[in-house]
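Below are two complexes that have chain A in common, paired first with chain B and then with chain C.
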Partner chain A sequence: MKLLTLNFLTCAIKTCKTNPASFPLHPRDAELEIQEADLNLTFLKNILPRLMWEELRVISSELGLPELPATPPAPADLVEPSNTPLDTAEVTLAEGGAEAQEVEETPSQTAKDLHRILLETCIQEGKLVCGSCGHEYAVKEGVANFLLPGHLV
Partner chain B sequence: MAESEAQGADYEAEHVHSVYEEIASHFSSTRYKPWPIVERFLKEQRDGTVGADVGCGNGKYLAVNKRVFIVGSDRSTNLVKIAREHEPHSTVVADNLSLPHPSGVFDFAISIAVIHHLSTPSRRVEAVKCILDLLRPASRSASLDGGKAFIYVWALEQKDSRRGWDEGHEQDVMVPWVLKQKKVKEPKQRKRDGASNEVVAAEGEQKPDGDQTFLRYYHLYKKGELESDIEQAGGAVVESGYEKDNWWAIASLK
Partner chain C sequence: MPIYLIRLAQVHESFRKVELQALADLAGVSLQFIKYDDNSPYCIVNLPSDSAARKVITRSILAQGIYELWGEGSTYDTLHDSIHDLSASKWSKYQTASFRFTVEGYQGGKSAADQRTIIDSFSYIALKGQPRMRDPDVAFRVFEAYDLNVSEPKYFYFGRFIAESCRNEAKKTYDLKKRHYISTTSMDAELTLLTANIAHVAPGKLFYDPFMGTGGFPIACAHFGAVVFGSDIDGRTIRGLGGSARRGQTGKMDVVGNFKQYSLESSYLGSFVSDLTNTPLRILPIDEDYTKGYLDGIVCDPPYGIREGLKVLGSRQQLLDTERQSHQDQYMLPGYIPPKKPYSFTALLDDILAFAVATLVADGRLSMWMPTANDEDIELIIPNHPCLELESVCVQAFNKWSRRLLTYRRLRESEVPEGALEAVKRDYEQGTRASDLNDFRRKYFQGFKEFESMKKEFIRMKAGPPRELDAEVPKR
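Take a look at the complex of A and B:
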């Protein structure tokens, strides 16, 4: 399960959701795996305003990953300023004209780091723990399981 | 056959969840074509928005739009394992009445052919409530519309379909899923084709070297019932209609 998912997950127990301590879920005994994926700069820029940055920093540090900057990058930080055109042979053109402009942009190191953490770093095995009730959700073979035992439903 | 009440979680566990877990692979191989109206809804979402697919099954709808990020969930681990192949999205195992998502953060949500598997009126309304709860409220300052949910259920009125149900028929029905037994002859040495990983389930009504029949519970929606469920769940119906044996509605927060 890619770490970006944790930005949209909390405890499945209803009474926990109103407690701020239930977000984010805390990884425990996590085995991480890098699963390489294509970097999509437009996607990264778009997802940026949706990130709960402070919480992601917490998760990232709990997992022993390199520290994220104190403040979230701005969309412009994701683009290499020296806009030397890429090897255009590698660029696949998207349908829209606006998109065609985007593909000229080179992802900055910041973009690459963010992509690596959010979309390529996956929890394969371990637990996700609610900071409110302490319930542990298992992650097995990269799949997090939020089914609750009967008495907690 | 099904009685319309005195059902609930245990009943669904036996007559819905365990069936999908058993038939996951075969079911998935027959579910690849998205319903056009759902496809349209997904393609209309703005780039970079975030959605939830409640009861995502094999992830058929995760393949439609790669410019949004969707967190899919399903009760069947076997289906989730199939669904997770769809990048850039993500999938988890969860119950649609206990969703592991924060409230009010999703731009859109879909729940396709899911809430008709819940076996009491109050559980169906609760399922709609859980979907609505995901949606981002409208923001006046950012002049943003609130999130929208697309819900799709099987219709009672489908007299031209193979099943032939129509107005007046019992709404709580058991629908068979026939798992064709592969003709297993002598194990061949070299033959491996695409169909070779078809599941051969261990349970179900097994006839000697025949097919297995699994029964799934469905509540067939009659005209106006989905809209009524949405209103009872505290939502507003933005648009609704009928598409080939199904009722659908787009809902928002009030």
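Take a look at the complex of A and C:
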């Protein structure tokens, strides 16, 4: 499972969900693996405002990954400043209507770093632990198991 | 606004307009239907430009192609008159272009010699460029629509080719017969891709399937550019230790393997084992801002448990202290199986809608499949929620039952009626509303008595020889 997933996961126990300590889940004995993936700038821009940044920093530091900046980057920080200002950007006249040509954007170092952490770093084995109730969810072969045992449903 | 002819596949009729509208909305272009008939493969629309037409159609699964309409009529004479009236001003533009000119019949057709004569009758357009079958500058097509077993066409269209859809290529690429890992319940590729289009999948969006099985919907969503993840109550399905519907399939096949087969693993976040009634996903954001969703869309074909009954985690009766202790002692051991209890169909639907409301961004889509018996006595249920707007209902009919694709839009905060979110929040805190197995369910599933034959029908459809139901094949 890619680390971004942890930004959406809390404890599966209903009564825990209202307790802020149930998010994020804390990785324990985690075996990490890097799985190379194509950098998807459109997706990073879309998902950035939805990230719980503080919690992402916590997970990242618990896993011993490079420290993330204290404040989340702005969407504009994900793109290298363009050499061609937008107003002189090429505009093609498509048949039947004007259409601005898509300008190819170059991902910034910030985008590459985020991509590395969120979309290339995977937890393969280990546990995810709830900070509220202490319940441990096992991760095997990259798949976490959130089925609750009989005494917790 | 220019007028276009869309050549549709004559299949899944009730999905066709819905798909086109969804693709137009996604492309941000205005689309107006001028002429549409479920019984016809030709649809006439208004679109602002060729590039808008191209954007909409290149992603379509149920369209074959789009043409600028140059004329139409019920005889060749009226067709030629119509071309003079509608498009005479456009002829000169293509005078020197290399061109292709073809005649296509629906439910009928002409001999090559007759086609030649037909093409010659268009000589007044005065195309002086080179005829070229491959990659011409411009392509024209005459469409002849026949009634079944009638030798002369009843209607004609003439158009300039704009764009082809991705239908043939996508269906071929994602054909289940060639997929590494599938199960008996895998939905065919055409329908999963269609579902992704109707759910507004687009590059950069995040999509989730809570009942992913072998990953059919997430794969279709990833094909159209979304980043995807999913879950299933059965971990064996995800990890690939379960059985497979494919004869002669050996070795370990898993969901990741499917993504790799299509080079889509960059768009796959992973999956986890869970039950929607006890989802580990964030549903009450930490900051108590209930409207802050993070999913752009949810697509799913929930398990209906028609034969076995639905199951969710939990025990039928309150556990004794000793039983609780034994669960507590054993749950981390390999092979521990959590207890499950029966669950009602309506409760499942309520849970899915509530989950969607709690996780979707504003304007995000929920596209959900649901079975219905073809029986007038059975009340047709369409679940609803004050924060969701039902956008479309598409029906795929079989002999004794149908299934519907329901698509909802998550309302924006400003659109949600006052107090509605509070009520939803209360429901969550109290747990599921209708967890009892009620009369309604019994009545509902009486229509499914012949479930076994229905299931066979289903499997036959999937396993049968490749059948192209489109185009010129007469409909029974």
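FYI, the second predicted complex is superposed on the first by the 131 of 153 C-alpha atoms of A that agree within 3 Å, B and C clash if a C-alpha of one lies under 4 Å from a C-alpha of the other, contacts with A are read in each partner's own complex, and residues count from 1 in each chain.
Note that contacts are C-beta pairs under 8 Å (C-beta built on N, C-alpha and C of every residue); 3 or more make two chains touch, one makes a residue touch a chain.
In this text the structure is predicted, and so the values were computed from the model without any measurement.
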| item | value |
| --- | --- |
| Fit or clash between chain C and chain B when superposed on chain A | clash |
| Partner chain(s) touched by A:F23 [first = chain B, second = chain C, both, neither] | both |
| Which of chain B and chain C A:G64 touches, first, second, both or neither | neither |
| Which superposed partner A:K45 touches (first chain B, second chain C, both, neither) | both |
| Partner chain(s) touched by A:P81 [first = chain B, second = chain C, both, neither] | neither |
| Partner chain(s) touched by A:A37 [first = chain B, second = chain C, both, neither] | both |
| Partner chain in contact with A:P149 - chain B first, chain C second, else both or neither | second |
| In the superposition, chain B vs chain C on chain A residues touched | C |
| Residues of chain A that lie at the interface with chain B and also at the interface with chain C | 1-2, 4-5, 8-14, 17, 23, 37, 40, 42-43, 45-47, 50, 119, 137, 141-148, 150, 153 |
| Contact footprint of chain C on chain A as seen in their complex | 1-2, 4-5, 8-14, 17-18, 20, 23, 25, 35, 37-38, 40, 42-43, 45-47, 50, 52, 55, 94-97, 99, 119, 122, 136-138, 140-153 |
| Complex contacts: residues of chain A adjacent to chain B | 1-2, 4-5, 8-14, 17, 23, 37, 40, 42-43, 45-47, 50, 119, 137, 141-148, 150, 153 |
| Complex contact set, residues of chain C against chain A | 2, 48-52, 203-206, 225, 227, 229, 231, 233, 235, 238-239, 256, 265-267, 269-275, 278-284, 286, 292, 294, 296, 313-315, 319, 323-325, 327-328, 330-332, 336, 338-339, 361, 429, 431 |
| Complex contacts: residues of chain B adjacent to chain A | 9, 47-50, 52, 67, 69, 71, 73, 75, 77, 80-81, 84, 87-88, 90-95, 97-103, 105-106 |
